[in-house]
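Here it is: the structure, laid out below.
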């Protein structure tokens, strides 16, 4: 099919292009370590640092908490951070898709609460098999999201209003489902066991964490090398081997240290494993499939996407369905934290924190810019603040103030770098 | 100065323009009633109906509630609707400014709660004069908003994150202020008396409502006529007298009927009078001052505004300060409803409802389109739903669902009309 | 002028379009044959881009019929036009600022390899394609937002050439182009004609129009205002049809300059 | 060529500008005198718009000095340039889509009456101003979003004439314009020269350039590549400086066409 | 590498360590005054008094049950030996309780009966509180409490399980004696309650309201304002003995509130916790039992709550030092204070 879709071969008959393939004004990186350094300096000045500012912010946050309470970097606390970020993180993943469109979904928290109630009433009240109930619950979330998407894409109601109406309506439905009982205890089995606080990868075997780390590192290395080979063969620019090695080593250090630390207490929570696997899949979908490309296109310019023949309405509906599905999955994760469907599920700051995670991680609210890893980075920041403050024994009112201040500070690092970027004309 | 700012007079020396002033393709409205009808039909087809769809939605909502409960349109209930919408409405007014920039302020509800606490601790705990305390409270709100604006405009942190951090931080500060006492009783005097449930315009005198109605109608008529005269003199298109009369009569009918209905119970709540006066002033600021023009310009295209020499950062800071100020004023209104500063002030759905009001009323979330009257229309819709459902004495879970559904339905009318508009190429 | 077939590949019959209070097009007729380059000219605001957009499915026609290879068709969405084989370069370019050059070129018809995007091949072909259009772009992996006006324009033109169109519509394709790039685009138009595609070319530049077009259609205030074979028509005749008068700013300017040099 | 004063009203000395990995301008020199029309030409992506934006304060220079009436000045924001008396028409127009024509024309320098906007006077003057530029716009009260490309361009040009500029910079002002409107703009440029303003005109159209410019500066790959007085320079010389070669797509095309007609 | 993660217990403060005297305290929210103002300092003080080398780790869930589950995990990570837990969601906290007990931590349920393997429970009987509120309303209505007398009920947030218990208790007393003509949830918010009250007045007519049940003082504040707005002053209940509530009682715009003496509750809990730390028996404190949903009987201490009216403010809250006279008797309430015998 690739042959059918191009028409430039006949154009190749024309005299050799008058232009050299490489623009002389493009600053090419020098070879070796010095080249990295100059490029890094240049990127820093230009504000093209990607996730680095958030990572720096995270390191600062960790350092400060560790200085305040030496338990912060303890294995048990790290396991807590990793475990508890997965539920809200799932909501954030769905939101990344919506944010990439330049839209918002205010219903995710309330859909997550509803999902817990649906799951509980199916499996507890109606005795449906636990796995079947999981599937039905996620389908409910997807259906709800598709309904939001329909009203937004086809009727033209702003997504903000549709999902605000959903936020109210699904809260009502959830309360109505639980009206007789108030809360329902979910059994610690099936998927819900896997999502629980006491479920660890490979049953807490030390090997588990290292296997995961090795898998990740190997995937990066092999993927990079294959890409390099293909690019070299095609004659287009490729990442030098030195850079591939630097990146692989960086990931390896992070992954093995994490594995070691988590292993010191209980290992890798299964909830985290599922969360990471989800991120890998979603990243693939967004960066390497036509669907993902279309999502970015619609987020960048609706009109350009439409004129390129993209079915904008369909993309919107699918994206909202994805968001609804992830909200339901997140709801199951959160229910797995307490084994209960309660009237309070999905209330509080859940919505705000999920959005904040995506945004802090670097996904733009204005569409077209971001990636799913921002859900991970953002949740790490947020969960670290929460867990850290919980350790510190502080008055709740002060906790609120500190959370606000740290949230702001975490993004200031990023924003200052982006500001440089804007003033150098890239906004 | 007007002479200094133009350079086209010398250009007038050139031969008479080759173009007739009127484009032959412009469809001019026919004279008389028939002209209105065709133009109305055309506008309806083209979706250029302004606030009409929301008004239609409101009428439908009122009709349904009245059919369900004949007390809905009673004078007492209308007084309730008018009174209770003012507090949230003030928050919505501030949000309209922010939305016009294409930004969001998530902190308004929490700032409103903080304002109540600040006012109470100033006037109750520290015995500050009630009016001085009001001024200090509003200044606090403005200062808070300016801080948000600073981080947004100068540091470049997305407004969403800044105000989310504010939302958390100011909640904490409010709780900290009330930490000793929990809740504080505010005295029923000074401005807080005026904002109370028992304070009516001109002390419930029947004349009061009619005076207000007359003032409004006269202002519209005189303003329109003066504008007509000036435009006619300048040789630019003007509104025909017939249209001015139709508009004036329409307003007169609404105003006098409203006055009559409200007079049947207690008259016009002072809170409403202040709310309406605020709307008139803000409308003037947005539509008739250079500041307002700049707000629209920044909301339309930041880069174009910047290149036109507008100090974008300053506009942003001022707009967020306005939002903070209105949040504080709204907080005083809400405190006036109960004469208490409580730890729960500003929590719950207050933020969502305030944003929803602005959006339902027709202000775009994407900047550059909208007006302050949307705060009034949106609040009328929301408050009508709430009061109507309260009258019907329905279970809270069902109330949530109905509120969601009606909210959606109210905007669907508008959206369908806008969709026509978009498909006729105006989006 | 090359020999053209009898049935036009694309024909508009009595097309009208209104925006709110503005009647942008009134009863417009247009025919394009395979292997023919039709120039569409007219004053600013004459309705040229509106006409292009109705053909491309950006907004449907209010009245009138669009015929494709003799059959009447309904074009309601851009997909419909693309399905027929109409490729369009819009005056406002319509590119996604956040995507890079490769992403924009292949948007909507990405190349796949084992089900995932084949970035390597797309990147390779993009470079080749842009080189044939004599444009220097620092890297095909930088977002469109950081390209110069002319660079974007070339990307938009290149975009229209991916796929197998039967009719190519170019709305002021050379407006932002340098002399060399303009020459390349004119060459390109001629190659399209040789490959027996129908081409609609909109331009304000009479030199370009007369250099490549077979027929010139003039639009004035949303209505047809004459069609001229390029051979045997002078620029002055066309300009008079465009401005609606033989006494216009152009002629006055020429007269003044002539006086001045005397 | 009109007589020009000794000190240039605006001069650039060794200006450089870099975007990320792209060195867009390197050591560029430029002088504009009062009453002089300087044409700035160059290939697509040569850096013309970048140069304009540094003068207009859209983005500050990395290195080099801008001199205004002999004094070195710092232009960091658009306000700074406007304060000096530099009016700019940008290639990407930079209008607010949501404001109407009047709103855009007077943006940033609205007329006031008793402290509130004097809409009536602004509307009246807008109509007059647009009429002198021969543009038909259905109504000055419709939002910019619904104007044609040429209509927007004229609005942007008109915008630069409100206020009392000393230097007017026009970045491809006639790219989207019809023949008549182009003629009007060229007339306008000549009137600006007569009123002793400095004008920088960017255009890819050699006919327009030679018609109104006094001096032509060529930019190539971000560097100066020669300055020519218009009198006594042929188009071929300029094009060779632009493309960096005497053998280019333009000459090849001309040669081919010459062959064909033989 | 087939070892189990966590096998090398290097952590200093394991909960099984006998020198470890760390007690965790988890409270549910901070939007009601009592928790941070009374419960926390009272419990901390009592623990310090009973056990000088004990240390207390505190956290507040700010009304978020998910957050509370995380806080339990943090407490486990910190290695506390005993956990005093006031559950934001008594069912939802079950698996967290289980996780703590798995690590050898003893859990004491405070105020709300958490599910799961807890060791002891100290509280008031929430349904009983509802009954007290209902009774106080009937008392205040006096002879007007007839089966045709319209009573308006504004309940708590249905999302709060306590709200259902207060509601059930109140219904138990009121049903049959008066007519519940209008019943709504005020979501624990004064502004919401004010609007609901205004709707009730419209619906029933202001002459036809014989009494109002408000589930707590916060909402009573809004309700009192609406009643005042309508120019009526029927009996009005409340709960929590909030400062503003007490002042309204003095001013006559509210008739009663519920005083739950926090000190005995806190003291009993602290004693049990310290006994658990020291491995001592606490049966002398927990003199009764309470039944969990699952049917388990938990050793419990259930304290009496009191109805407070104008007549006994002086002898209850003021005497117990809940608020000082200065806090209650500000200039506006000075006269009412004297009349009520507070001085």
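The letters A, B, C, D and E name the chains in turn, as written, and every chain counts its residues from 1.
The rule we apply is simple: contacts are C-beta pairs under 8 Å (C-beta built on N, C-alpha and C of every residue); 3 or more make two chains touch, one makes a residue touch a chain.
Labels paired with UniProt names: A, B = Xylose transport system permease protein XylH; C, D = Xylose/arabinose import ATP-binding protein XylG.
Here the structure is a predicted model, which is why all the values come from computation and not from measurement.
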{"item": "Farthest chain relative to chain A (centres taken as mean CA coordinates)", "value": "D"}
{"item": "From chain C, the most remote chain by mean C-alpha position", "value": "E"}
{"item": "Interchain centroid distance [CA atoms averaged], chain A/chain E, Å", "value": "39"}
{"item": "Where chain D and chain E are represented by their mean Cα positions, the distance between them in whole Å", "value": "73"}
{"item": "Approximate Å spacing (C-alpha centroids) for the pair chain C, chain E", "value": "74"}
{"item": "Numbers and ranges of chain C residues touching at least 2 other chains", "value": "19-22, 134-139, 146, 180, 187, 221, 243, 248-249, 252"}
{"item": "Residues of chain A touching at least two other chains", "value": "18, 23, 25-26, 175, 179, 349, 395-397, 399-400, 425-426"}
{"item": "Overlap residues in chain E, where contacts from two or more other chains coincide", "value": "30, 36, 158"}
{"item": "Residue ranges of chain B touching chain D (in the complex, touch as defined)", "value": "1-2, 4-8, 10-12, 14, 17-19, 21, 23, 25-26, 227, 230-231, 234-237, 284, 287-290, 293-294, 296-297, 299-301, 303-311, 367-369, 425-426"}
{"item": "Residue numbers on chain A that touch chain E, as the complex places them", "value": "71, 74-77, 79-80, 83-84, 87, 175, 179, 182-185, 188, 196-198, 200, 204-210, 262-267, 334, 337-340, 342-345, 347-350, 386-387, 390-391, 393, 395-397, 399-400"}
{"item": "Touching residues (chain side chain E, partner chain A) in the complex", "value": "1-8, 10-11, 30, 36, 57-60, 62-67, 69-71, 73-74, 76-78, 88-89, 91-96, 99, 102, 115, 158-161, 164"}
{"item": "Interface residues, chain E side, partner chain B - complex", "value": "30-34, 36-37, 158, 182-185, 187-192, 194-196, 198-203, 217-218, 221-222, 225-226, 228-229, 231, 242-244, 247-248, 327, 330, 332"}
{"item": "Contacting residues of chain D [partner chain C, same complex]", "value": "19-22, 42-46, 49-50, 91-92, 134-139, 142, 146-151, 153-154, 172, 175-184, 186-187, 204-207, 211, 221, 239, 242-243, 248-250, 252-253, 257"}
